Structures are given as structure tokens and as C-alpha cells.
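Should a chain be cited, it is by its letter among A, B and C, assigned in written order, with residues numbered from 1 in that chain.
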């Protein structure tokens, strides 16, 4: 996708261990961000994603490694001389300045004249639909409004790279969805590269061009949302992105070929690279249910099928999550609410999935 | 603290400017104050000795600034120059402490030749004996006074002995002051020590016992001249060891019937002498000291403070001290031949540290 | 997609950490060495010398400590001093706690005025207030007159003044404002949600207090206690004025060793012992006061808005609460009232009964040149001390908070050592140090001496504020393109301005009222309290009452005006 010559931001072999910490916060991190790209860093808390963001912003320095912007080494450049802006998780609006003053602040630091910077700040506030709140003080705003002001402050100078540190974390669902749309359209409009840190896979997958999934200071997988979702590179990614069943299997020669066995039952068509114990991941929505009695007819004759009993059902609005007990294991299937009314605890069902959609990991 | 975090909108700059102006005004007099060519004469002196107005007047006439620093006890008089807190030119030291000041290098030998007004000092005052340290005169008198027994004349007849302080009748109504140098000789006199400045171990034991029995008699120790006046005036004490007879006169002025008596055992008497430091060994300082001993200066001093000064009765009268004032001083009495026999002039004690330890233990109540 | 970046050559490892040692740290070290380390080493060094014939012999010896070990009076006085201060600080906390609770969590309007009202008495010289207590407690004093007049006593009691009781009372009186300030700040910070969470969990009001409010405020109670303890433990002027013969405290013995006895090693040894015992007690108190966990979030108390109608019983209780709240204020202001009264009394003697009304003391003020000079000097000293301390404390707070100082924790405590040194000792210690540095006595010395204990107080206040500040603010500012200095000017300073002003107020208060330290440093240029101290011993004039009455009225007015301005500004801010 991005070529080195085009990369706006490059991280090369970043290592960082905090004083007194047993394990590194960042471990050999390398990636590039293309101009105008929406790049997400996804990971659970403590995975080092915020450290990484602060490294790009200039608040942390790597023990080893380089940060390059436009090919120039900015590892030792202080934050205020980097063409990078951040939207902070806590928004970090200056409590003693009005909304307008907050947004005009970066321009003021850049030495812009008063009239000019106020005009620009107003425009920018209009862009995030906060034009009516210029004289308010931050404590007089709601969470969503503060969020937009923080965003306005970060983009008012049109930086080359915008860093967003879990900016939607404190907002409610509806606001979060609104803001997601706004962020995407804003990013298109401004053409700024966004580096977006989040622990919410939904946000990462829905908005990003590419996603880096982080775990324990390393990049577990880097790819497009599709690659990440459908072709997880590791058990961790499979677990963290989307919702998957993780079933212990045994790979053994069966009827002449290497076959996956779940509780002794062969799962035909599941590709296993080598023999021995392994785990198989299959997403909830890839699992289908059928009545126990019906024969495994129609096109799904290739599909793996396991008999089980419904244990419990969660109502999610547009879907149901049906937890099925199959011998020693539980398998969860996500089925559309319409047509799923019949699944009640105690009902025997058949669990089916397409072996092509299963991924096997060796421990 | 969070009570100031409110938005301070209304013309903060104005307030700041105002504060700046105020600060400038404050600093200005210090910068603008008159500068004399000569180094100022710093006095470590006692209250009433050097009225700032007199000092200013003399300073303007002689082209030098005179700065009087008032101290409250011999203790301070010693510690201030010794620690370097104040570097005085002139100190007013009672006779008993002169050797200590000399040993500590705080005063230098005094050049009496530069002070012709020594002739004005009353012949009744046998000062040369006490200002001679190691064969050299180190100071000349400026003032003298007695430390008698003072009492409320409405409450009792005139006592004739220090023993009155130990009288159970006056339990809780006795006052003394916190100065070991001056109080200890009184205790020594009260217990009948032969030489109150050279106590034997037996004398010390007697003094300790006397202090032990004196403690329940005393409710409070005066911290100074004015403090004493307040304590007596408020009725917290009826009799006591008098720090300065000005306490008595000042009480009389306020309509309280207080008087003092010279007990038969002897009354500790001090002579405050002018000593000069190494820094003060200058002609202008000697001129100041000489003028301090002029009849005019002394008369004004006696008149204003009812102290004894150093003048003879006739000189004082000639200088213009009023009869009323003279009556309140010891000057007329001191003409009598036997007057001086009742007085005991302070001298250097045998072991000051031992006395102080006892005094501190007495105050702490652990004697 | 393979990241091309990973193919790039890796930069060599950087062994030196980012800005671990910075120039910003040097002033902290310099201050520590000049105002803490050297003076105290001088003191400790002196304590191991001995005297001979009244002069110090430079010959290491334990003689002074041996003498202390054997001295019953030293041990008795030490215990007595510590016990009295301890008791007073404890009483002070007991009285201040309900007051602070009421002010921080019950009162909704004009809270800052209530706080300032507790602080104002501190601006009136301690000597004046103690002096006034004598008039209240004395034989012909108000208390006795009232008791005799009402028939409770047949004749005036001698139990009130010149006893242990009067010392404890005045010490408690001194302690209350310090305890109050510390406790108030803690209580104000407790989020109301925690209290609601506790009530929600089924806790009664008492249980909520016992298990939530008290543990969260306990560390501050310990700090308030320590401050109050320190204020009184080195003070020998107060007990000597109201305590009578039994008012002798260890400070007086120390002072006499450095003065008349001229036994500096012995005095230094006592001072070292006092410092060690005080340190031990404070360590114990702070240890006992600690609470696990850190209160996060900057939200203050949001007391419920009580707009609902109250039952008559509740109203009664509320009125009762207000009365109880007002009582300590009465206690705080009683001596000031006496002072005001005396400033109009037509007599030079400060005792009852009054002789008649006059304004002549005010008229005399204008002509009292030395007093006006002392007032001017006090203001200048206070201003300079606050300026020096404020600049240093702000700089140090940043250096410490942002990791520009090695062993920041150590230095934070080390810089505060002068606060924990009893005044009389600090005064002597600072004389030794300034003497060594050849600084002449006068304003310069006073400023240095006072800054040594004012700076740490301001530092503590500013540091506390910085720690509560959202760390992201600085980053947001730097991220916006502001360098360190711009970030300081536009973001950090405005955020901590309240703390700096509060600290400056407290610093000015400490400076304006200091007697013990200044006494040794003033030389020929007395500040107002020193001048008053001298006046009290000889030549007291009621003009002193007049000037402090003016100071008190002036500060009251200033506070009311400020409050109005702030209130208006807030109202305007809300409209906008």
C-alpha cells in the first residue's frame, strides 16, 4: 500500500522499557503511515499503544529506534517542534481559557496575529459544529462538546499527522457513532493522516485503512480491517478482534490425511498444518444452527456439524447469541433474531460451520 | 488552598500595577534615606537611655547617623554582638559583666583621655574600681541604679528584709524578673552569703534551698520593664525584686501606691558603663560618649527617664533637672554618707555557668 | 504487508536517559546546601565541641551530650514542652475538624470568606494576641469579672493565668488556624459521590464518617497537627508571657545557652535533641495518619442543594450547627476584640478596668517614626520573602514534579527541614550561616532567614496543586507548539495561580508574624513584631493596639472587597 518514499511517518525498531519495569513497554515496533491514511492502533489496556502514541508525539523517547517524519529523523525533536497534534484522552482543555482561546492556542504559539488566529479558530469550531460555544469555559461543556473542541484545537493548524488517544472512550454509544462518522468525513476533507489509538475493535475496524493490533508491547498483526478480521495471524488477534469460539483440537492422521479432531470427532475440511494439540478459532457469526433431527443435507455437506444442546440465549437486539453445549465444549453461535425465536435452553440442536472460516493455531 | 481559584476577571492587570506601585513606594524611603559619609554609630543600649530624637539631633549636628538598638537583658547584650547579629560600636554593660565582654573581645580598652567630661561623674560613684579589668579601664559609667525590694504600700508596711519575698502571706503574689546575673546576688544576699560574688559550696546549697522555697511564692516572672508594670498594675503581684525603680515611679504615675525599700542585707546595685568595640574605637564615637556625659545631656536623660545618671546632686540641679524628678531618683539620698554602705555593686561572679544552671533548674521547677 | 521500516538500520542504543539531570535541578541543590545542609551541619558540628572558660574549644567531645544525659531538668523540660505542644495540637485538631467539616461540606456560600476569617487572626501579631489573652484570663480580666459578676465565683480565680492551663489554651489558640487550613483542604477535595456511594451501601452518617470521610482526611489531619505542633514547640515567648513561672519551656534554655550562658555547644546539643524528638514525633504522627490509595480526580465536594423545605426539627438542628460553628470563631476573635478595645482605652496600662475612651493612640501613630519604619520594613520583608520564596517554590515545584531533580522525594522533604526546626534554633542556625557568608544583619538576613521556612510551605502547596493537575495539560500545550516557557506562561502558571496566591498569603502571614527567627537576624532594623516585642518589655504604648487594629480592619476590608470582585466575576462568567 504505502511506499517508503511516500510514508509520512515511519517508526523503526522502537524499544522502550520504563525504569524499574520488568518487561518492555514497546518491543521492536516498526511501521509506516502513509499521507492521508487512517491508521489505527488496537490493543487491550497495557499493551503499549498509548506509549507508542506518546512516542510519536514526542513525550517519550525510545531506548532504541528512530521516529521519522517525511524521511527526517525527529527522534530528538521536542514535541512542540513536531508537526504532529494530539487529541488527548482526557481532552486536556485548558480550564482557564474559553473555547475560542483553547482552539486559537496553537496558532498563538505559532505566532499568528490575533485577528487571524481568532478567525481561523472560529472556522475550525464551525467545522466541528461548535461555532455557538466560543465563549464558554471547558467546564460548562458536555463530554461530546469538549471532545469536539479538543479535536478543533488539534486540527486548527492542519498538522500532517493527527494522533487520537481513545478520543471516544468517555462518550455514550450514540455520540460515539456520530463522532465516528464525523471523524471519517473530517479526515477525508482535511487529508490529514490519523493515528488512532483505541481498545474498541469496532471503532478500529469501521474507520481505519489499516490496523495494527498490539499485545504486550509488540505488534501482533498489521493489516487492513478485513485481513485482521478474517485472517487473524494469531490466537490473540482472533480473540481480541471480533468474537470467536476457541476450541481445543487434536491434529492427528485420520483416514489417511492429517485431520482436526474435536473431542474425538473428525472435523472434515479444517486445514491443520501439523499434528499435535492445537486450537481452532471460529467466529460466532460463522456458526450456524439447525434442528438436531434434520439431516445434514443441502450444500453444507462439506460443513462440519456437531450435535449439542442449547444452554442459554442472549438477546442482542439484531441478533441472538446461542450458547450450545457440545460434549465437553461450549460453542456460541450468533443467529439473526428473526427466525431464532425457537432456540430455548434445553433444545437439542446441530452446530455447523464452514471449515474454510476456521483458523487453527498451534500452541 | 482552593479559595482563590475563582476567576479573577476584573482588571487583574490593574490590581497588579497597584501592587507594583505599592511595592515601589515601600522600597523608596529605604533607597532615599540620607547617606552620611561616616559609618553609623550603632548603640546596644537600654530602653530610655537613648531617645531616637536625641540621637537624630546629635547625629545631624555631627554628620553621622546614630542607631540605637534596645536590648532587654544582659543576656541579649552579650549574645547579639557575640553571634554577630548586631555589630555595635558602643555597649552599655553593667560592671559585673565587663570581664566577660573583655574576654570575648567584644570591648577594647577605653581611652579616658578622649572623654574629658569624665569630670562630671559624681565623686560618690566609686566606678574606677569596677571598670578596671586586668589593669586597664574598659568603660566609663553612664547611669547607675539600685534593684530594691518593691511593694504595694496599700497592702503591707515597708519591709526591711529580702525575707519578705519568702513570707507565706504573699504566696503567689511575688514577682521577680528573668535575669540570672542580677537575681542571683539578691538570693545570695538574702541567705546571708559573706561575699555574694564568691559563693562557697555551702552558700550555693543555701541559695538552692532558698530558690526552692521561693518558687511557690512566685506566679510569674516579668519579661521586662513594661511587663513588670503591667503585672503589678493588674494586681497579679504585690511585692517583688525591682528591676528598675522606674517600674515603681511608673506605677505611682498610674495612681498605684507602690514604693521601694532598701533591705538591711544589702541592695544589688548596677553601674551601666559605656564600652566601645573594636569597630567603635573611633574619635567620633568618643565624641558621642563625651557628649553623653555632658551636664546638658545627662540632665535631659535624668529628667526624661527618672534614672540616676552619673551627675552629682548640684550638677543635676544646675543642669535643669526638676525637684519633682530628683525626688524620684536616688540622687538626693546618695548624698548621705551611709547610703552607699547599703548597696552592693555587681561584680563578676565566681562561676557563672553554675549559677545559670541553678537558675534554669529553678525556672524549670526541677531544682 | 511487510513494513519497510523494519529493514532500516536501527539506531544505536542511547545509554543516557532523557533529561535525567537538568540545569533546572541545580537551584534546588544550591538552596538545599546553602539553607539546609550547611546551617544544620554547623549546628550539629557545634554540639560536638566543648567550652572552656566560656569559650568554644575546637576539640571534638561528647561533653554536652553527657551533660544532657545527666540533667534531670533538661529531660523534664523536653517532655513538658513536647507534651504541651502535642496536647495543644491535638485539641486544635479536635476543634478545627468540625469547623472545617462545616465550612467545607455544609456551608454552600462564601466558603472562602469563612476560611479567610480563620486566617486573618494570624496577621495580627502573635504577641498581641497572647498579650490580649493575659487580659482575658488575668485577676481583673474579663473571664474572672464575668464569673464573679454572675456569682459563679466569690473572688477572682488564679487558676486561669500563669498556669499550665493558660499555656495549653494559648497554644491551642495558635494551633487552630493551621489545623483548620490543612483539614479544610482535604475535606473539600473528597468527591461527594464517595459519600453518596457510602450512604448507598447502607452506611449511617456516622459510619460514612468513620469509614470514608475520616480515612480520606486523616493524612491531612496529621499534616495540620504537625504544622500546629511545630508552631508551638519552638515558641518560648508565649509560655513565658502567659505561663508564669511554670511557663518555662526548652526553647528558653536553648536561647539562654546561646545568650547569657554563652555555651553554644550545650545549646546546640539541646537543639539537636529537640529537633530529633520533634522529628520522631512528626514521623510517628504522619505514619499513623497515612491512608492507602490516592484520591484521583479534581472534583471538589458538591454538597446537595437543599432547596427542599425543612422540617422545624431540621431547622433547629441547622441553627444549632451554625451556633456551634460560630463558637471557635468567637474564640479566635476574642483577643482581637480586646486589642481593639484597648486601642480606644485612655490609659497606658494594659489592664482592666478601662479608664475612658480616646482616639489619641491613633493620633500618635502618625508621629511614631520608629513604629512606622518597622511597619514599612515588615511589609518590605514580607514582600521580598514572598517574592523570593514564591519564585523559588514555583521553580522547585516544577523541577521536582517534572523529574528534573534526582531523588525528588528526598529533596522534597529535605527542603522542608527548616520548617521542622523550632524557631529559636532556626534563628541561631541562620545567624551562623549568614555570618559565614558575610551577609550583614538587617533586611537581607531577615529575608534569607524567613525564606528558609516560608519557601518549603509554599513549595508544599504548589506541589500539591501540580500533582492534582491533569498531566495532559502540559502535553497538550507542547503538542500545540508551545515550548516549555510558553507552556509555563500560558497554561501551567494560570492553572496553579490559585495555589501560588494561597501560598503567598500564607507565606506573608508567616513572615509578618515571625518573632523567633527574626529576633536573631534583625540587628538594628526591627520588623513590626520585633519592635512590638521590644515595646512589650519596655515603653509599651497603646499605639501598638491601634496599628494592629488598623491592620485587622484593613485585611478584613480587603477580603470583603476581593470576595465581591470574585463573586461578580463569577456571576458574569455564568451569564456569558
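The definition used in the following text is that contacts are C-beta pairs under 8 Å (C-beta built on N, C-alpha and C of every residue); 3 or more make two chains touch, one makes a residue touch a chain.
Keep in mind it's a predicted model, so treat the numbers as computed, not measured.
If the chains shown are joined wherever they touch, the resulting network is a simple chain of contacts running from one end to the other without closing. Looking at which of B-C and A-C shares more C-beta pairs in contact, the answer is the pair B-C.
Here the chain at the heart of the shown protein, by mean C-alpha position, is C.
Inter-chain centre distance (chain A to chain B, centres taken as mean C-alpha positions): 87 Å. Centres computed as Cα averages put chain B at a distance of 35 Å from chain C. Taking the mean of the C-alpha atoms as each chain's centre, chain A and chain C sit 53 Å apart.
Residues of chain A found to touch two or more other chains are 96.
Looking at chain C, one finds that residues 573 touch two or more other chains.
Along chain B, residues 7 each make contact with two or more other chains.
Those residues of chain B that touch chain C in the complex are listed here as 1-10, 23, 26-27, 29-30, 42, 46-48, 52, 67, 69-70, 72-76, 78-80, 82-87, 100, 103-104, 172, 178, 180-181, 215, 218-221, 223-227, 229-230, 233-236, 254, 352-353, 356, 360-361, 363-367. Within the complex formed with chain B, the chain C residues making contact are 53-55, 72-73, 76-77, 111-112, 115-116, 134-135, 138-141, 158, 161-162, 181, 185, 188-189, 240-241, 243-248, 252-253, 256, 258-263, 300, 347-352, 369-370, 376, 379-380, 383, 428, 431-432, 435, 441, 443, 461, 497-499, 501-503, 505-506, 520-524, 534-540, 565-566, 568-570, 572-573.
By the touch criterion given at the top, residues 1, 3-4, 7, 10-13, 19, 30-32, 54, 57-59, 61, 63-66, 68, 75, 78-81, 84-86, 88-90, 92-96, 105-106, 108-110, 135-137, 153-154, 157, 210, 222-223 of chain A touch chain C in their complex.
Against chain A, the residues of chain C that register as touching in their complex are 1, 3-6, 8, 10-14, 17-18, 470, 472-473, 475-483, 486-487, 490-491, 494-495, 573, 576.
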